[in-house]
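Just below sit the structures, each encoded as structure tokens.
Both complexes below contain chain A, partnered by chain B and then by chain C.
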Partner chain A sequence: MATLSIKSLGKVYPGGVTAVSDVNVDIADGEFIVLVGPSGCGKSTILRMIAGLEGITSGDLQIDDRRVNDLEPGERDIAMVFQNYALYPHMSVRGNMEYGLKNEGLPKAQIAERIAEAARTLRLEEFLDRKPANLSGGQRQRVAMGRAIVRDPKVFLFDEPLSNLDAKLRTQLRAELKALHKRLGATFVYVTHDQVEAMSLADRIIIMSNGKVEQIGTPMDLYLRPASRFVADFIGSPSMNVLDGTVSSDRRSLQLNGSHQIDFGTELPTAAGNQIAIGIRPEHLHQNTAGETRIELSVGFIEQLGADTVVHGTIAGSQSPLAVRLNGVQARDSGDSIALSCGRDQIHLFDGTTGQRLNWDNQ
Partner chain B sequence: MSKARNNPLNSFAAHAALIAYTLIALFPVFVILINSFKTRKAIFRDPLALPEADTFTLIGYQTVLKQGDFFLYFQNSMIVTVVSLTLVLLFGAMAAFALAEYKFKGNMLMGLYLALGIMIPIRIGTVAILEMMVSSGLVNTLWALILVYTAQGLPLAVFILSEFMRQVSDDLKNAGRIDGLSEYTIFFRLVLPLVRPAMATVAVFNMIPIWNDLWFPLILAPAEETKTLTLGSQVFIGQFVTDWNAVLSALSMAILPVMILYVIFSRQLIRGITSGAVK
Partner chain C sequence: MVENRPFLTFLTHAVLIIGVLFLCFPVWMALVASTHGPEALSSSPIPLWFGDRAWENYSQLLVGGLPEAGGVPIGSMMFNSLIMALVITFGKIAISIISAYAIVYFQFPFRMGFFWMIFITLMLPVEVRILPTFDVVVKMGMLNTYAGLTVPLIASATATFLFRQFFLTIPDELVEAARIDRAGPLRFFWDILLPLSRTNIAALFIILFIYGWNQYLWPLLITTDESLYTVVMGIQRMVNSGESLPVWHYIMGTAVLAMIPPVIVVVAMQKLFVKGLVESEK
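Let's look at the complex of A and B:
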């Protein structure tokens, strides 16, 4: 069990492409960290640098205060689970789990003990003599986890381990993974592009885009106080409504692109005439007029999910798209109009050019 | 698709073509085999007849086993083939792994250079090779043949194997690295078992020309103690008289080991040739 410290980590590929730049994070012992972002954002590169599969161009990487930049993957005391399982196809489940240990020269009795324990934890006992080809996807991924567990590493690395599984199995394995983390108390670093996975698993999330860290924080930090427009858009499903507009001369309302105007009833924290964007989550718009900010939605199409209904449309009188999540089963026709309101404390403001969060006393 | 495959007419046509090909391919072997059991007169009277009670004889086999050191030739052929194949597979696979796995400057050029030998027949260099063998004192040793055959087999081996090794998943090798395996262990224990079908393909493609070669044994190692089977069989072919019984018997016996090796490799071979096509 260990801490992991990443200091101004950077990766530039030989062609001159910068994959990752200036990543700083201190990961505590036993923490479950999820790296999340769209494909190509550099999250897997960071994981591979931690694993030692990818060279580090700049910065320092420390596991338990030991600088590991120049150590081979096998010397870093880590274990990794891959998206496509990467099981040794010609070895049995037992063979897969014990191969690394045998190679380390661990005594046989100890190997057997560790495998028995891991097999019990992951409910793999009856499959120990099967080949990976004769296992289902979920079982294979459990074997891959078993192979990681038996090594008793300081840090576990997961590279989109659930992406190849179907939705139901993914939910099930997600729960198992969370339980496993609790039981082992080990440090987990987990890469995914699925924000639901990130939100449900992580102690802290590192959200990335274009090789840079956008925000590091607990899932609720990211949800409630997104540091940038990118984070706001990425976290939450359906994603946050972000509307561009110009601050009016009295700084109390926003002129949307189009003719529509949204009133706030209080001064915005930026100068008149500035371009800003406001963000409102679909679930924070309600069908009443209790909130300070009123918006009228012209219905486009609806998605009925049973527990709730997502209504997509545009703000009446403009072309700005807007989605709202309403409770329960709701029937609406295209062209209907719905009066909505939103509490001022649930409106996020972002700078129009940098996309950074603007803080205001909206509480 | 499955409808077309089940069509009895198509299936008949396919089988007819395959059977016709099999018959054509097996015919010479069959003729050699039946005639090796016949008397000389019977061979010439009716080459296609099966051996009967009055034409059956083992004289050819007896001649071969008595005259000429058949077992020594056999042993020489075996040593040359097996050692050459081993070296081709070992070095070919190693080079292929390096080309497929490591990014270094000139990787492409190196790959092209190693594959160049496929296009240039090694026999063009016979004189130079002979000179080299003479000056290094390797003439009339099995090593001369082994070295030449290894050189001859490597280009194709590198070419085929590197293609197959590129298909081995990177994650698998990386999983090995994280498990603390050395690059050698990854190569021998993870990658080689996975490209076994390709190895078998390369082995068969190389084995038959080596086993059947007459050219290099004749030039580089014609001494009695280093004669290979093919060369040894030539003693029965004279300018004026040819002992056909002996020649056919020797050839029949020479087929056997190749056939045994082929049966061993064939399952893997078919997988190697059809992999990618089937998946």
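Let's look at the complex of A and C:
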């Protein structure tokens, strides 16, 4: 149990490649933080810097107000779960779990007690004497978690722990992880590239791109008020429709690149002639004309997902791609046209050049 | 390639059986010859079945000592060979695994330079550097000692290279997990690297033991004292025993005895080797 404080953390590799720059975040005791972003965005580097596996170029890292920049990984009181499990192949499950404790010099009785408890929590009792080679992927990952739990660390670190598992197992272990976090009440830092994992697990998400933090916030913050075009695009599946255009002279409509025009019925918070982008989530477009903003979709192809149907196409009369999520099973042919509308409060605006969110009084 | 025709099955088996007979015949002959008297092998036809002097020949060889071989019993030569082979094997494995560990897991100046220096010595087998090495051994006063027999043969670029390649296949995460588990460099080496290298060590043990056991030229140079003769030298001396007729029954008996330890090592280590192969995952 601990707080984790990251102050203007930076990492420059020898050779001059900047992997991470100026990351600031305070993580509360017991918080579940998910670092998410595309590959190469620096999320794993941050995790490895917290673990002590990667040197810190600049900034401060504090666990419980103690600066740990220069401590060895074993001295930081953290535990880490790796993507490929990193179990010691020649040791039994029990051996894997007790290795760290033995090195710490814990009394035998206490080690046995902790292992018994962790094995019960993770339902690993019957596998304790097996070798990792004789376990399935899900069981191996549970052993890796067990190895972390028995150490009773201040901070748990997870580096894409579910990425090597199949989809069904991933969902199951995700639920187990969430339950585990609740039971332990410990601070979790979790890295993933999967936004669904991030949304379902996190108390707060740190979303990164190119070594910089794009936004820090609760999953709903990120979904409802994405701070930038990158965040808007990354969170949500299918991802948000983002359309580039020019603000018209009366500032009440947007001239899309092409000839189409979208009317808002209110003034946009930016000067006429500016390049901006609007974002509308596929699930916020409805098959009626009740919303203030109307768009006509020319159907390209559809994805039947059962519970709902994703229709991909273009805005009628333009080349701008658009996707919409409709409820239930819907049959549409290519070339059909669907009249859609969207509430003004569900339209996001982004600066055309910086990609930053523009706030307006639409809500 | 995989065809299932009776004729081909017959043919492949015939070829294999002929090959086995061809390889085993000399060994069989040595075994048979070592149980006869000296005349049996100089006369025609050469016997193909065991004679009645097995006990006599072998007891004479092991403890009696032969004038043809310098009067030293084969038993003591076997002991010398065993010491030499074991010291070379353990020494080579120990030194090469430690140097490979240093080269793979530690950052130090001229790391690759050291690696290449070790690697380049692969190009210099014992025979090439035998004079300078001999000179060094003489100056260090190691003639006619076990140290002189073994130490110069211990350094091994091949084994270092083999361990290095193996260490490079061990995932980095394993090292990192060990660091988080508070295992220092020595602990990591002892608890994780060494057990994982078990199969490599077994394979190397077989190769290096036979290498050490079969050494001929080096012990020939270093030893003049008959109590330090190795069994391979003993055989050679018996064959070239001057004017007198070679004592073939003794020579064959010595050859048979000299075969036993390498066979034991191969059989014993092969079990571990196969077990390691079966157990390994990924």
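Rule of thumb we're sticking to: the second predicted complex is superposed on the first by the 363 of 363 C-alpha atoms of A that agree within 3 Å, B and C clash if a C-alpha of one lies under 4 Å from a C-alpha of the other, contacts with A are read in each partner's own complex, and residues count from 1 in each chain.
In this section, contacts are C-beta pairs under 8 Å (C-beta built on N, C-alpha and C of every residue); 3 or more make two chains touch, one makes a residue touch a chain.
In this text, all values refer to a predicted model and were calculated from it rather than measured experimentally.
S.K.: Mind checking chain B and chain C on superposed chain A, clash or fit?
M.R.: Aligned on chain A, chain B and chain C clash with each other.
S.K.: Contacts for A:184 in the overlay, against chain B (first) and chain C (second): which applies, first, second, both or neither?
M.R.: In the superposition, A:184 contacts neither chain B nor chain C.
S.K.: Output check: A:132 vs chain B and chain C. Expected answer is one of first, second, both, neither. What do you get?
M.R.: second
S.K.: Does the superposition put A:12 against chain B (first), chain C (second), both, or neither?
M.R.: neither
S.K.: Scan A:116 for contacts with chain B and chain C and give back first, second, both or neither.
M.R.: neither
S.K.: Find the residues of chain A that appear in the contact set with chain B and again in the contact set with chain C.
M.R.: Touching chain B in the first complex and chain C in the second, residues 51-53, 72-75, 78-80, 82-84, 86-90, 99-100, 103-104, 147 of chain A appear in both lists.
S.K.: Under the stated contact criterion, what part of chain A meets chain B in this complex?
M.R.: 51-53, 72-75, 78-80, 82-84, 86-90, 99-100, 103-104, 147, 151
S.K.: Mind listing the chain B positions that touch chain A in their complex?
M.R.: 169, 171-172, 174-181, 185, 190, 193-194
S.K.: Report the residues of chain C in contact with chain A in the complex, numbered from low to high.
M.R.: 171, 173-174, 176-183, 187, 191-192, 195-196, 198, 279-281
S.K.: Over in the complex, which chain A residues touch chain C? Could you list them?
M.R.: Touching chain C: residues 51-53, 72-75, 78-80, 82-84, 86-90, 99-100, 103-104, 131-133, 147 of chain A.
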